[in-house]
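Two complexes follow with chain A in common, the first pairing it with chain B and the second with chain C.
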Partner chain A sequence: MTKHDLNYSYYPGCSLHASAREYDESTRGLFHALGIGLVEVPDWLCCGATPAHNVDELLSLSLCAKNLALAERVAGDLAVACAACFSRLKATQHHLAESETKRRQVEYAIDGEVSFAKPVKHLLEILATDLGLDRLAAAVRKPLAGLRVACYYGCLLTRPPEVPQLDCVEAPTIMERVIGAAGAATVAWSHRLECCGANFTLSRPGVVLKLSGDILASAKRAGADCLMVACPLCHGNLDIRQKEIEEATGNRFGMPVFYMTQLLALAVGVAPSKLGFDSMIVNPLPLLREKGLV
Partner chain B sequence: MKHTKMQLSTETMNLGFVRKVEALSGSSVRRCFQCGKCSAGCPMRSFMEHPPNRIVRLLQLGQYERVLAGRSIWYCASCETCTTRCPNKVDLAAIMDALRKCSWDARGPSKESLVQLANRLFLDNIRTYGRQYEMRLAAVFNLRSGKLLKDFMLGPTLLTRGKLKMFHRKNRNIGEIEKIFSRIEELRKKGEAP
Partner chain C sequence: MSRIGVFVCHCGENISRTVDVEKVAAEAARLPGVSYACDYKYMCSDPGQSLLKKAVAEHGLDGVVVAACSPRMHEKTFRSAAKSAGLNPFLCEMANIREHCSWVHEDREEATAKASDIVAMMVARVKKDKRLVPITVPVTKRALVIGGGIAGIQAALDIADAGHQVVLVEREPSIGGHMAQLSETFPTLDCSQCIMTPRMVDAANHPNITLHTYSEIESVDGYIGNFQITVRKKARSVIEERCTGCGICSAKCPQKKIPNSFDKNLGLRPAIYVPFPQAVPNTPVIDRANCTYFRSGKCGVCQKVCGPGAIDYGQEDSLIVEPVGAIVVATGFELYSISEKPKGSPIKGYGEFGHGTIPDVIDGLTFERLASASGPTGGKILRPSDGKEPKQVVFVQCVGSRAREKGISYCSKICCMYTAKHTMLYRHKVHDGQAYVFFMDARTPGKNYDEFWRRAVEEEEAVYIRGMVSRLYQKGDKVVVMGSDIAVGLQVEIEADLVVLATAVQPRTGADTLAQKLGISYDRYNFYSEAHAKLKPVECATAGIYLAGACQGPKDIPDTVSQASAAAAKVMTLFAKSELEREPIVAKVNERTCVACLYCRKVCPYGAVEEKELRDRQGNLIRVVAYVNPGVCGGCGTCQATCPSKSVELDGYTDEQIMAMIESL
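== the complex of A and B ==
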């Protein structure tokens, strides 16, 4: 494959270095196969995620502004994998552009200027818009034919309307379009924008059992073989807690939960051994074998 | 929900608090006409004693103790569905953030301690390490909450899948990160930031 002129600075986020290592591995594998450059921002720090903005807006804005400043050291728009980091970084640009007072406070806190120059982009946006669906489809070596995917957006890829501006806030199609370009079939289902229970997984896991249980049941009802996500927290709740949800609800799902980059990388010919399928709790290999994909 | 009588008077209504929440959130509570769309779409509705639209109504009536004392504000998942759907552009998710900040700064008049503990440990991790140290976060949470065996069976599974990192290095720029925290504290001490 020829080299594209696409190069990005990369903010993986904390989870991608630990519990979501397969999201990081498959992102790097996919981008390499597509000839898209990806250089990790040096010394990036936690974006603060939900706990920071929940109780301390100034801290949340400052942590993200510091990351945006660090990202200036690397060329290219900022590619973000985690839906929550993406949301926080975009929200920070949005709020600081609106408020002179907040911007001054943040600039004092980070001891530097706030930079707005660099566009922050989710991986989905890079694939669907910057690369384009035609070029993505042209790179497919192993079409995901026969795989019925339930695309799960969760909360932060699209909401609130003014901030991420990734796609239509109530009826997005970007995930379906991207995975459709790789030859997969997508199902229409009810819970693709519902919350999975997010970070209650630490403090109140009962919340996750209920909300993620409803999501899995909805995907199952729609006839999906698997779920596809773009957020490490959603993945943890739907994959790691799936067995516990089955025990609590008496339902049997056995539903593999893929990061979108895992499925796309598989389709463009990256070796399955490089996509972290072994780190998923619900084993995806029987399904992938049945569909002739591994 | 048990309905209790509410006596409204200048003594029982704290309108200064309402103005503070409006300033912090950048959103008006007075625009709400109680259509209930926020609560209809709220995924956490069944866990709350006051659904989102009632939180706004209580705020309109200056009933801040009722709002802060309950668990509802800590059971908001910040999914932003309410903010997205409000026909009057009330930014309920931002109002929830503002209420949590008020409760947090007042050192917890709320009954909900576990969510607050998780938040505190998460933020402490950033100050100490720069990035989240997931295993330490879970371990210290269990220790401090007294739920020692919570998710005990998940530990070995996650370790063998390479999802738990035993060791975690501090960021090289941890000094700059500490400076962010201390400068924010300094701004607050001088009254120059909320």
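== the complex of A and C ==
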């Protein structure tokens, strides 16, 4: 017997248990408020993220295939929050479906069968399509009126074109549609899909300062109050590094960087204390207070 | 007993690489009724054909099977060889062991067995072939040309100069097409208007050319030599015979702010207008969607001011039937747009370039209008957003072309040259301006073409950057171009005042619909297909229809004019005879068994089936049967497959022949 009409298995990924804890908390809070069932995949492991597939393709595919196999133990399509996990899991399904040889190698490596049955869905897809924007809008208790949001997709949410198939690759609107349903205003801006520098954050921070700096400057230019992201890596670069970027470029941004679930959860009435606003480096509370949202 | 000859061709190595041709010949020789079999390296060559003729004479052959390529390739060749050997040409058949066998198989043993089977089938068929006599039909020496761009005008003038009547149909209110929109042309930089407009006048004044502008093809009936074309002449709301072209109607029209599509919407026009001052005919047309009179019933200013009383608000579309013997299709092209495409469309737009929402990102044709002396800016290069002169212009080649991820894999052929031209025109008009070009390759095969491109780079100092552009975005009043320079392996960013995209050449919207009316084939992009890529480049597979210009594939002006003249020459060849021989492969009705259910009439795609009354000598009606008009029958055999009483059969493909072919296996 199920409690809800929408039920998902849930793959949080490593970041959501560590640096992006607020993404995990707000996701659970939001889904609970929307009446969507979410059951964490037992014993999940790292998806390999960007390093694994650069070093060893078999390792990368096997990690994801193992996770997909584990996900079979829980009912419901697989909900994924992190853009990198989402991309890797989808890419694995794509590559293994295309190559019989790779599939056999991976099955040997994980000592089990590869399963393709379960659709892998990003939270955005679940909210925009499965739940639907109308139901989302109907659940809003505190509309985000007056908040001007720059939706930032980053590289992985829509790319490579043949893999995620989430929305139009180069001009997606899914984030704008979802947050628009919660009453926020979105800005048209240029750097929605540019790379933030991702995990060069450790090896070549100078690259990150330039790329993420361009993104923040572009959002500011477009008149945004804040950025909204769906990827812990982007969040790390844009939020944690923001002060450093300001020092390096001489620009002052003061731009809070929200996970999309934080803003949506706020809109559907989840208590702000449960949304991890305290763990953000750029303090969002002055902005949220100004807009009367907390 | 038949005396059949079998000739197995090696086709160089095309067949013999996979098929053991000697074995096929040896097995054919053992078939009942075969008196002679041999193999030869090139059957279609002169020695090959002589071999066939000699064998017919020496062995008294009464049927021939040539096992070689597709009948589409060489059936005619071998039938005329058989004819010159004294055989009825329709007793010569081809067994296709190339396209249907050697090209598609790898296993030599299996391919050889299959080739032998194909030969055996054709031997069985040829034994039951009848001696057929070609049908002759009269030729209407009058041509239809569809499209009044440079291709259509050239073809029409050539045919008309040869003394034949031509009907020229153009969709727009004026002839001239894209060439009338261009500023200067490569590789000589001569003014497009100066070479185009006199040709337009020639076409309009030619005593042998009937011009229908603002008209479209409604329907096409008939066949080579005898087409019936219905032309829809759209209501112009202006009586052409009365109008003097004085222009007072346009001058007095109170509606003045309608974007002019001829100027790529950069300029404005009134509701009653000629698209451009040099239009032919110089007769205005009322744009009813934007005319105050048609929208509210009030106004009527143009009717009041028109001296000769040429304005007719009540005019309706009229249908004109034109009998013609040949058709030249010259419908041209349009430019791909980067705008968002419908979901599921095989061709995608450029979201990364803003889907066409950035005002200072224009296409090549818009740049032509900016550079043209008769354009909306009088030839000054001024950008659309604020009318300022751009000091940094970035040109981007291959937008949509050679872009498989956008759904178009072909090269549009003209963009490398016109972009080089654009950089020159820009430099000539804005001396302190800098042009940048992002390009994949500079493709300049053509007489004086590479020299022209080098001039743009070396003398006119256009900066060519080999690499693609990944994104365009508006930043203040600049357009930022993000791209790569693969020569130095770096990313580049240019803040441009204007960006010009060399967008792909596509067939006209609706090209497929017209093709279906004409019964001609087209490729997956809707470009019309020629009958043979090399040897029949201007003919359609459908007899009597010819292609000219960019409707067949992207083409520049010299190529278009050459092809148009070639198509005209083909039409003149057809018109050189007063009667035309047609293949006698037509359906015949067995009047003794036909019960006149006329299913055949329902399924016939050519409309060739009529009712025929059988009468006795006193003229009393006995009964009605179906009759197939041999002049109209296309020989498809659909009636034969449909007839419930087996009363209609296609000569050369009778049920008896097909059963014999099956039984031979």
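Basically, the second predicted complex is superposed on the first by the 290 of 294 C-alpha atoms of A that agree within 3 Å, B and C clash if a C-alpha of one lies under 4 Å from a C-alpha of the other, contacts with A are read in each partner's own complex, and residues count from 1 in each chain.
In this section, contacts are C-beta pairs under 8 Å (C-beta built on N, C-alpha and C of every residue); 3 or more make two chains touch, one makes a residue touch a chain.
Quantities reported herein were computed from a predicted structural model and do not represent experimental measurements.
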item	value
Partner chain in contact with A:200 - chain B first, chain C second, else both or neither	first
Which of chain B and chain C A:247 touches, first, second, both or neither	neither
First, second, both or neither for A:190, with chain B first and chain C second	second
First, second, both or neither for A:49, with chain B first and chain C second	first
Winner by number of chain A residues touched, once chain B and chain C are compared	B
First (chain B), second (chain C), both or neither touched by A:171	second
Partner chain in contact with A:221 - chain B first, chain C second, else both or neither	second
Which of chain B and chain C A:161 touches, first, second, both or neither	both
Contacts of A:113 with chain B and chain C, given as first, second, both or neither	neither
On chain A, positions contacted by chain B and by chain C	161, 169-170, 193-194
Footprint of chain A on chain B - complex, ascending	24, 26, 43-44, 46-47, 75, 77-81, 83-84, 91, 93, 97, 100-101, 104, 114-115, 117-119, 122-123, 125-126, 130-132, 134-135, 137-138, 141, 150-151, 154, 157-158, 161-165, 171-173, 176-177, 179-181, 183-184, 187, 192-194
For the chain C and chain A complex, residues of the former touching the latter	340, 349-352, 354-355, 405, 471, 473-475, 480
Residues of chain A that touch chain C when the two form their complex	161, 168-172, 190-191, 193-194, 218, 221
In the complex, chain A residues that touch chain B	14-15, 17-21, 43-46, 48-59, 62-63, 66, 99, 105, 108-111, 155-156, 159-161, 169-170, 193-195, 197-200, 202-205, 207, 210-211, 240, 278-281
